[in-house]
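Labels A, B, C and D are assigned to the chains in the order they are written; within every chain, residues are numbered from 1.
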């Protein structure tokens, strides 16, 4: 029996074991019984728990079989995040960033790091569609704000990318301006669709299908009562390294998947977007963004050479008007020494958002029959239940 | 007499004073008799003196009069720089960067800073055309290298921008993929066209028309004999601050131009590209790029809040193959303590490139009658001649 | 029963449970049966597995009871690391660094980041003794190399610190030049003494006594066969967050220690020193250093506001002579895309070094009766044994 | 006539030409008739124009003739800057930093960059005395605030250095704790002594004697009315590159000094401290500090490999209390787009402070007869007068 037929057998067996490949049966990690970290999630356990934040997707899935460049198959899309309900061009939010490994692109990051301001929606897509998305955001913004580039400053759109070329005809550049508009128009508060959607449609994490994931924390009042939310487009890592809340899930599952063809592990990346209503200035947001890297590491990333791991952060608490007669304004700022609960929240929310991106994604076959299996939730649930039982019992020591 | 008619009078008078507004009469600063710095220029006094470097432009000038958004007038374009004569995707050069003020964009800079590699041509254009250019480079590169995104890695194009909206219908996004292709196809070694061309078509420096400028130094053999070249797209500053080799040119000329309408000085930016054949690793190129900032400062920049001042640097001495069986290679590297002549060369070459971008640019009228006057070369030549005479005589002290 | 007497009871009970508080009975984590990560350790599982690296300590423990400032009790010391067996002033090694959270000091780091060179021994001590140590290294170096500051350049010593003030009379500045000399003279290759020694004497990690720890990896020949070693002075974190290879050790043990007075968790820091014989240039060492942060995160750090988490890295493969007639030299360099095994090695070695710093430390009582309990190895060993058994069985899912 | 006797002759002649080598006859550049830049200085044209800032020196000059290591001659000292009149440990000011070239040390900079706070005085001294000064500040601070390291956090002193080894027995480490105390106790508001004093005692700039210099700007009310002050310890550059407000002073004077032995130009450094009462947060102060680099460049620096060019900045407008019950406070902040006058002020103040450090320094002979001549003020005054006359006349063009 050759490797390929072994893979087929495994897929079959897998389907018997885990009959949960339909969207209705996908569950977020918390619904599987695992609460990561010390703090409580917000209402939707999503980046949209930060008031004013809106998320929308445009998902492009077309064709099957062999790759015919520019024809497909297509497994990609666009995710749009609005940091704030008002017109973000006029009412900017404070921003910051951190690059764990810069083998990737978040177009516009230089200006965020310099000015500490976010003045456009944030777009997530595949690597070779950054230009198209940037362009479409320029069009969208100039339509909404016709003075851009005349009476008022030009803008530099924020567009993050990961490489979905293992499943998607990436060089075909199937993302069009209309998809960017669609993602923007779909953007809304409340629950966020996760998994194989938007920019995350063709993404993979630790050899399992992944994509978009999100999570949030609402800190206790004694820590200020602020909300922190993270949304990731997750696309990195190797199965053997996967840990969920420390549980060696990857190591346990790896033998089942050893006959699966996997993409070269040097591919991959993650873009994380951190939102908060805590009043932070840009330097504090840089520091906050840095902590997301620790969450990425806990899942199993060693920040591989080829993995672009970039974090953007923003705070909605202070808005910076484009036009004002005032020179000096009063900014609410948290004392630095009170930021530790926010740091903790970012670490655990990033971890949970990545896990959610896997839990909510389903099996996907892309170009050339390349197949990314969904995380087997039944098995995972059993692992979690047993792990908790084991560590709550005396039998652990 | 109102301000506008004064301006008209001034323009007229100016034309009489300086009958050098046609391209044939524009001269580079060295041809006006001024040699900036201690080291000698290379053959063409251009970035192309670094063997293998090629430069091409696509210039878009259309229409006159009032701005009709999306119709024009158009004063913009694209400049393409190839760092190396081979296929840059397969034979990458070593790169580095420095951001003096990040109020701008050089898409792809994050990866250059992480990997220290340049693997695409470098494109310069206006702020709102970065997306289009990025996209076009993706198309160009995937046509030339069909394995991109399949057998081989994706790419992230390098696209730098300045804001030409005082003369150009920037929101009209008049740069198309064809212009990027044209600039790429025009790229060649040898003399570089300067002034109102390519990405620099609509740019302004210290209230004078500017655009693309370049300069180079060929170091003496005792300093290693290496070549350093700089190309700038220059678009920053205020007239009163303009100094050329220390001469207070701006202060002297300012009274003549006081009735001219000028753009808001908070606009502006400069992208500088530094090339060398000295064998430098990426960290050394970061340091080299930093020195370009000092050249920008000597012209009169204080790195204004809104001015994106970004420097990219590359060395052609070591090329890093995409594919190799070897794990360890031998890299030629200059001892750090021998880099000072290179640093000096970058400072003076940057200064001279900016001045050349002004000397070679001609008067330009753009949208809404906005007018950027050329640097008056006859007057400048007299200033230089007299200044030299003065400082060579005993009368200076 | 008040909190204090409860603590006493607990201490007593603890002693019965874990009769392994004498040095002879302390074991490294690998000797407790746990192998962290994918790669194999070097001969001594220590930073000294990188040929030429030497480590020495000077430990200062004096007095008991109430703090009488400048009198004691004293629980501190000095650790010295020599990156290379030759005279490091003449034969410099290539260096790099990363700051995860800069709430601390590694004096000299600015020059390492600029020059990418290490030219002095590396000293670790308490926060308020950085000046004394810096001074003593200057004396030591000028004695050995009398031309320093005359015919030859001055030097800037590398001195890292953590805050041991919960156990030590830190403001008493008990470290003297003689201790620095002692640590330097004690420096040797081979096994490294860990735990309550040298600069780590008074340090605490996740509320357990910690200090100096080390670990190494010798990569498989197919990955280049290079060695990576890490030495940490570890002093951060809270018990509830402590994980060892993902095992929730802190959460399991926390109830036993809840009546122990603990230091304010905002104190703390970690200095990690990464050594390798892989041929890396300085920018690559910066990237390598960054990966140590992920190992720190896996133990349970969220890089608290007050925790200075700083990483220094060096490579012994290329040595940079102070004097040379040559301008250009040939440097061996690993291709960046082959660095992933080195990155993995740093993550897992950092994790293991921190754990070793705890495993090898013993109970310590310092000023004012402040008490830091040793990690209970008997219990930990049981936890590890059972955890492995559990995850190797079918009962985990 | 050999070079040495030529130098003697030149010295003699020089003395005849410029009878202004006594302190009473030294004048600041503005008193020589040159006003650098666009904005007006504050009352004392000194860093102390920022209310609350105090400066003190301790100057150590001993012995003559040949260097006998540890005996002398000694030409060094300590300068202390207090950012604020209150106890800086309790009432911290906001800080930031920029490293133009990190071939030097400003101990404590890592924490300033992380926390954006300054909580100790700032000390300037020679390279090999950083440890002693750091230590002395610890002693001073713990005497004043006995809870340091116990109830309250430890501190990390800020100590900047340049290399004075061409004139001073640097390896003799002649700076003692008492000198640090003396500088601290001498610290006061009002006029600042410049030239061969304090940390600047043995420093040289562009081959002329230099040392401590300062300058300030009080912005016009329409720009916010804030004050910016800079103090430098200046020790870099080569005569041929020296420009003062663009005037090629070095080139003109160089022939007179060609027989003087000069130190190796790769030595050298500059530490600049920027103070302001404008309300800036730490990220804005980082940006402000960066502009000082442009001022350094205008004097003639190309940021030589061996030249440590480091800038520290602080704002006294917001003070951050060590202890507070509040979590969120209101911080006054200038809108970023209103910062340009502050940027201009920093560029021109840095330039003027460096020039003042030369104008106010006198001839100094140090070890082994090494001689650094004072800037010849009579000649300089003539140059300035004639230059102004020339450029105000029509003869310039």
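FYI, contacts are C-beta pairs under 8 Å (C-beta built on N, C-alpha and C of every residue); 3 or more make two chains touch, one makes a residue touch a chain.
Not measured: the values here are computed from a predicted model.
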B-D or A-D, whichever has more C-beta pairs in contact: B-D
Chain whose mean Cα position lies farthest from chain A: D
Between chain A and chain B, centroid-to-centroid distance (C-alpha), Å: 37
Chain centre separation (chain A, chain D; CA means) in Å: 48
Between chain B and chain D, centroid-to-centroid distance (C-alpha), Å: 34
Numbers and ranges of chain A residues touching at least 2 other chains: 101, 114-115, 287, 306, 336
Interface residues, chain C side, partner chain A - complex: 38, 100-101, 240, 243, 246-248, 251-252, 266, 287, 290-291, 293-298, 301-306, 336-337, 339-340, 343-344, 346-347, 379, 382-383, 386-387, 390-391, 395-397
Contact footprint of chain A on chain D as seen in their complex: 114-117, 224, 279, 281-283, 286-287, 320, 324, 326-336, 338
Residues of chain D touching chain C in the complex: 67, 69, 99, 101-111, 113-115, 127-128, 130-139, 142, 146, 148-150, 153-157, 161, 163, 165, 170-171, 173, 267, 306, 308, 310
